[in-house]
Amino acid sequence: MNGSLDGYGGEVARRISLYLLLTAASIVMLTPFYWSLVASFKSQSELFDLPNVFIRQPTLANYAQLFGQTLFVRWFVNSCLVAIAYTVLVLFFCSLGGFAFAKYRFPGRNGLFIALLSSTMIPPWVTIIPIFSWFSRLHLVNSYLSVILPGSANVFGLFLMRQYIQGVPSSLLDAARVDGCKEFGIYARIVIPIIAPALGALTIFAFLGSWNSFLNALILLRTPDMFTFPVGMSSLVGSMNPQYGVLMACAVISVVPTSIIFFTMQKQLVAGITLGATKE
Amino acid sequence: MRSKLGKYRTPYLFIAPFFVLFAAFVLSPIVYSLWLSLQEVVGIYVPLQFVGLKNYLDLVSDPRFLHSLVVTFTYTFFQVTIMVVLAVILALILDQRTLRGRNVYRLVFFFPVITSFIVAAMVFKLLLDKEIGLFNMLLRAVHMRTHAWLEDPTYALPSLITIGIWRWVGYQMVILLAGLQNIPAELYDSARVDGAGSLRIVFRITLPLLFPVIFFVIVMSVIGSLQLFDEPFILNMHGGGAGSGGPADSMLSTAIYLYQTGFLDFRLGYASAVGYVLTVVILAISLLQILTFGKRAGFAEI
Amino acid sequence: MNERGARVFASLTTLAFLLCASAAFAGGTSESTSGKKVQLVVWAWDKRATDTTWAASQEFMKLHPNIEVQAVNFGTQDAHDKVLTALVSGVGAPDLFLMEYWAVGRFEAMGALADLTDQLSDYQANYSPAVWALVSYKDRVYGLPFDGGPAAIFYRKDIFDNAGIPFPTNWQDFAAAGRKLAANGIYILPVQGEVATLWLFGRHASVSDYDGKILFDNPQVVDTYQWLGDRIAKDKSIYYKLPWDPSSYELIKSGKIAAVAAGFWYSGFGISDLAYTPDLSGKWRIAGWLPWKAGDGATGSFLGGAGFFVPKQSQHVKEAAEWMKFVLGRPESEYDQATKSGIFPFQLGAMKQLATQTPALYGGQQIYQTMMDELSAAPPVIYGPNYAPILNALNTALDRIALQGVPAADAIRDAAAQADRERVVK
């Protein structure tokens, strides 16, 4: 195939087609974002006018309606509160548990760990019905706790922490022990600072996970003032007369916090994604 | 005895908080679910009724449940296969150091991962609309046939698969890129000295060495795809009502069926049985994968 | 060791306390009690419903200073599913909630509704029998109607005039008119999902009995769905989407849809709001439901509509019934709601008051009179306790007939088997 395009000329042609291909693929990837951004500045009547790729008369009406006539701000705050509380819990429990699994020997260690790992294969729908039942008996349905606690035994987080802490030299911990440091002190003063990058990665994962989580919240939150952002948005979608411009405004704003986290903490994010997969 | 317990006290204490939550919100619900799958809800002020294995026996002859399994497997097979192939190709291309702007491309492909699925589903619903969607508008412009991508049972599942690929391909690409980084450069150099072409290098050296990572990606994606719920839930919220299975049930994943039976019809026992069967299916498929390819992928040591 | 453990648990408990505090802080809306006032929590999914009942609620509060009404707007129609979730879990149910009529049977069968027969049976005389049947079940009364969905065909007189087609007087003529319009690139109707049931109830076909037995596997239903499927697939005269789908609005606005078959409530948010452009004003007309074929007598049908009901769990059933009587039971407050937000009044008194009104949107037609005539011919509709799986199965059946070319007899038979398997009440 490449015979006729041998040498430098062939290489250039190959490069150019590669760039064209990548750029075309990028456009496909980004079109939905572009479209929702544009749509959020259009009036409902202009939204579906053809061609609908450009804005003719930009308007902020959708945003005004989003803030003025829906509980959007409340949902946003709810989501933030829930995501922050959830993240704190996950960071603490996973790092502490991960430390134990990585650096201590105790009966049942491997068995427990394998049991934990295999539990990730269980679809959340199997547990949601009992969880719903639990919380209703405790009269905690429609509370923040009901959406914070259930996911906080985050096995992925535990796995991530264990992988990372295994790389911390045991000699460091032993030296601290010799100096009279207690076990919890070792965790708090030595392990935590060393694994800060991995904690950064877990922070992002936990936050994103909570921010986007839908199933639990859909079932467990019942009044609009308690909705998290995805449930609130789905209530806008589900109404008989969805205002698509408003929905798109909602979509655009929802990407802001996750984008900020993504762009400031890219390195940790990538490290977190790859740690589990490529560590031998 | 005392001293032995004391010896292990620290690690047990350290895993205790995690394990308490795990026991409360994962382990015991799993057990409770099993019990619930043997019961049926009769009314609000009436106690549960024990029905034994009836729910499971009903499942075997429930065509909608069996159909939901077909939908779920079809989705998983195509979504995972196409996505992994694309992710490998993208990773191989974007791994080239000489490629300018490769970081920008990586960001672009990763970006859908950080969007909420509900936003993604919403936008696609409008983009793929028969009359007013951008996609059909483009097709009309080049005089191609348009379709109701999300309302026609023929195209609904393929559209759903496409959305799934769009959403996750970047994530898998990043994992594969990290895997590529761990392949020692000397191996490539020596192959080049031997006069191997670049395609040959990819097939003879890169892909075999990358296999463990590819395998990891496949196993994890299969688990995720078999749990398909969010996208079809939002896509069909409007037309057929929340939790519907899409046009002619073409998007009825098993998880959606579970939602319908459990939370729309309140047949909690039957829904638990659906959930249990789905769990067993996922476990079995994951084990099968690990047993067939796990050794080669070095999956034995976790 | 002890110290270490203590520290771990101290931090844990602190966290737990913080979380519980935050949860309690934002806790349920129904739990809080202010002084000795009785709090009536009202759930509805439509802003229109909370807004229009709000004025009457305030008057009600003036008359009953010991009662405080709290209205919550849900936004989604699964509001009554959430009520059921609340009832199953035993907490957080409202005192009054808006519910579509089709769900009454299901709630009744689950034992979820407070029986208001003693408080409300005097009101029966104010409503037509078909309407009263929507809020009562097996001779017990559970609520009062809020809005009604007597079937209406909204049509663009100008489009029919331009095409030289007189507005049809039965559905077979309507199909012929649809074929003519389709030749001009205009759909005659948007139809999908639950809208199709209008034709079933219009032909007095039963889908279920009061005990939940599935009855829709019969030649009449097969015939109706085959007819609809043919209009969609063969004639291409029916646009296969719901009338409240955004693309339907767009096609209506651009004159590509000539008529809409729906409940009368579609006037309120469709014709006068989301599918509205100023140049369409005055071009609309309303027709009552059409007979199936030439020679058939006048008929009517229903789609949607909702009433207010009281869950058995409510601590304030008596006060809730008082609220209903005042806010929904008086003709003057219904008249008010109809004139302010276009909600169709169900009380005979309020209807008579409105009969002579001629909204400009409908070119001076006495639309309420048309609806009253329709209502007097409407058959009582029995949804039964299993309507959710029935509707789900019927929707899938129509998809299969219209989109996949499955013969209606097969699709309906499968749907009946499916609905029977998925019965909530066996």
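We just call them A, B and C in the order they show up, numbering each chain from 1.
The rule is simple: a residue touches a chain if its C-beta (ideal position, glycine included) is under 8 Å from a C-beta of that chain, and two chains touch if they have at least 3 such contacts.
Every value quoted in this text rests on a predicted model; they were computed, and no experiment measured them.
Engineer: Based on which chains touch which, is the overall arrangement a line, ring, star, complete graph, or other?
Structural biologist: complete
Engineer: Report which interface contains more C-beta contacts, comparing A-B against B-C.
Structural biologist: A-B
Engineer: With chain centres defined as C-alpha means, what is the inter-centre distance between subunit B and subunit C in Å?
Structural biologist: 36
Engineer: Quick one: subunit A and subunit B, Cα centre-to-centre, how many Å?
Structural biologist: 15
Engineer: Among the residues of subunit C, which are close enough to touch at least two other chains?
Structural biologist: Correct list: 4, 8, 76-78, 85, 88, 246-247, 250.
Engineer: Mind pulling the residue numbers of subunit A that touch at least two other chains?
Structural biologist: 48, 92, 96, 133, 149, 183, 219, 234, 238, 242, 244
Engineer: Residue numbers in subunit B touching 2 or more other chains?
Structural biologist: Residues 10, 14, 17, 126, 132, 238, 242, 263 of subunit B each touch two or more of the other chains.
Engineer: Where on subunit A is subunit C touching in the complex?
Structural biologist: 44-45, 48, 78, 81, 85, 88-89, 92, 96, 132-133, 135-137, 139-146, 148-149, 182-185, 219, 222-226, 234-236, 238-242, 244
Engineer: For the complex, which residues does subunit B have touching subunit C?
Structural biologist: Residue positions touching the partner: 6, 9-10, 13-14, 16-17, 41, 43-46, 58, 62-64, 126, 129-132, 148, 151-154, 238-242, 244-245, 247-249, 260-261, 263-267.
Engineer: In the complex of these two chains, what residues of subunit C are touching subunit A?
Structural biologist: 3-4, 7-8, 11, 15, 18-20, 22-24, 26-29, 45-46, 72-78, 82, 85-86, 88-92, 244, 246-247, 250, 253, 269, 273-274, 277
Engineer: Under the stated contact criterion, what part of subunit B meets subunit A in this complex?
Structural biologist: Touch residues, subunit B against subunit A: 8, 10-12, 14-15, 17-19, 21-22, 24-30, 32-33, 36, 90, 93, 99, 105, 107-109, 111-112, 114-120, 122-124, 126-127, 132, 134, 137, 166, 170-171, 174-175, 177-179, 181-182, 212-213, 216-217, 223, 226-227, 229-230, 233-234, 237-238, 242, 255, 258-259, 262-263, 268, 271-272, 275-276, 278-279, 282-283, 286, 298, 302.
Engineer: How about subunit A: which of its residues touch subunit B in the complex?
Structural biologist: Residue list for subunit A touching subunit B: 18, 22, 25-26, 28-33, 35-36, 39, 48, 50-53, 92-94, 96-97, 99-101, 104-107, 109, 112-114, 116-131, 133-134, 149-153, 155, 158, 183, 187, 208, 211-212, 214-215, 219, 229-230, 233-234, 237-238, 242, 244, 247-248, 251, 254-255, 258-259, 261-262, 266, 270, 273-274, 276-278, 280.
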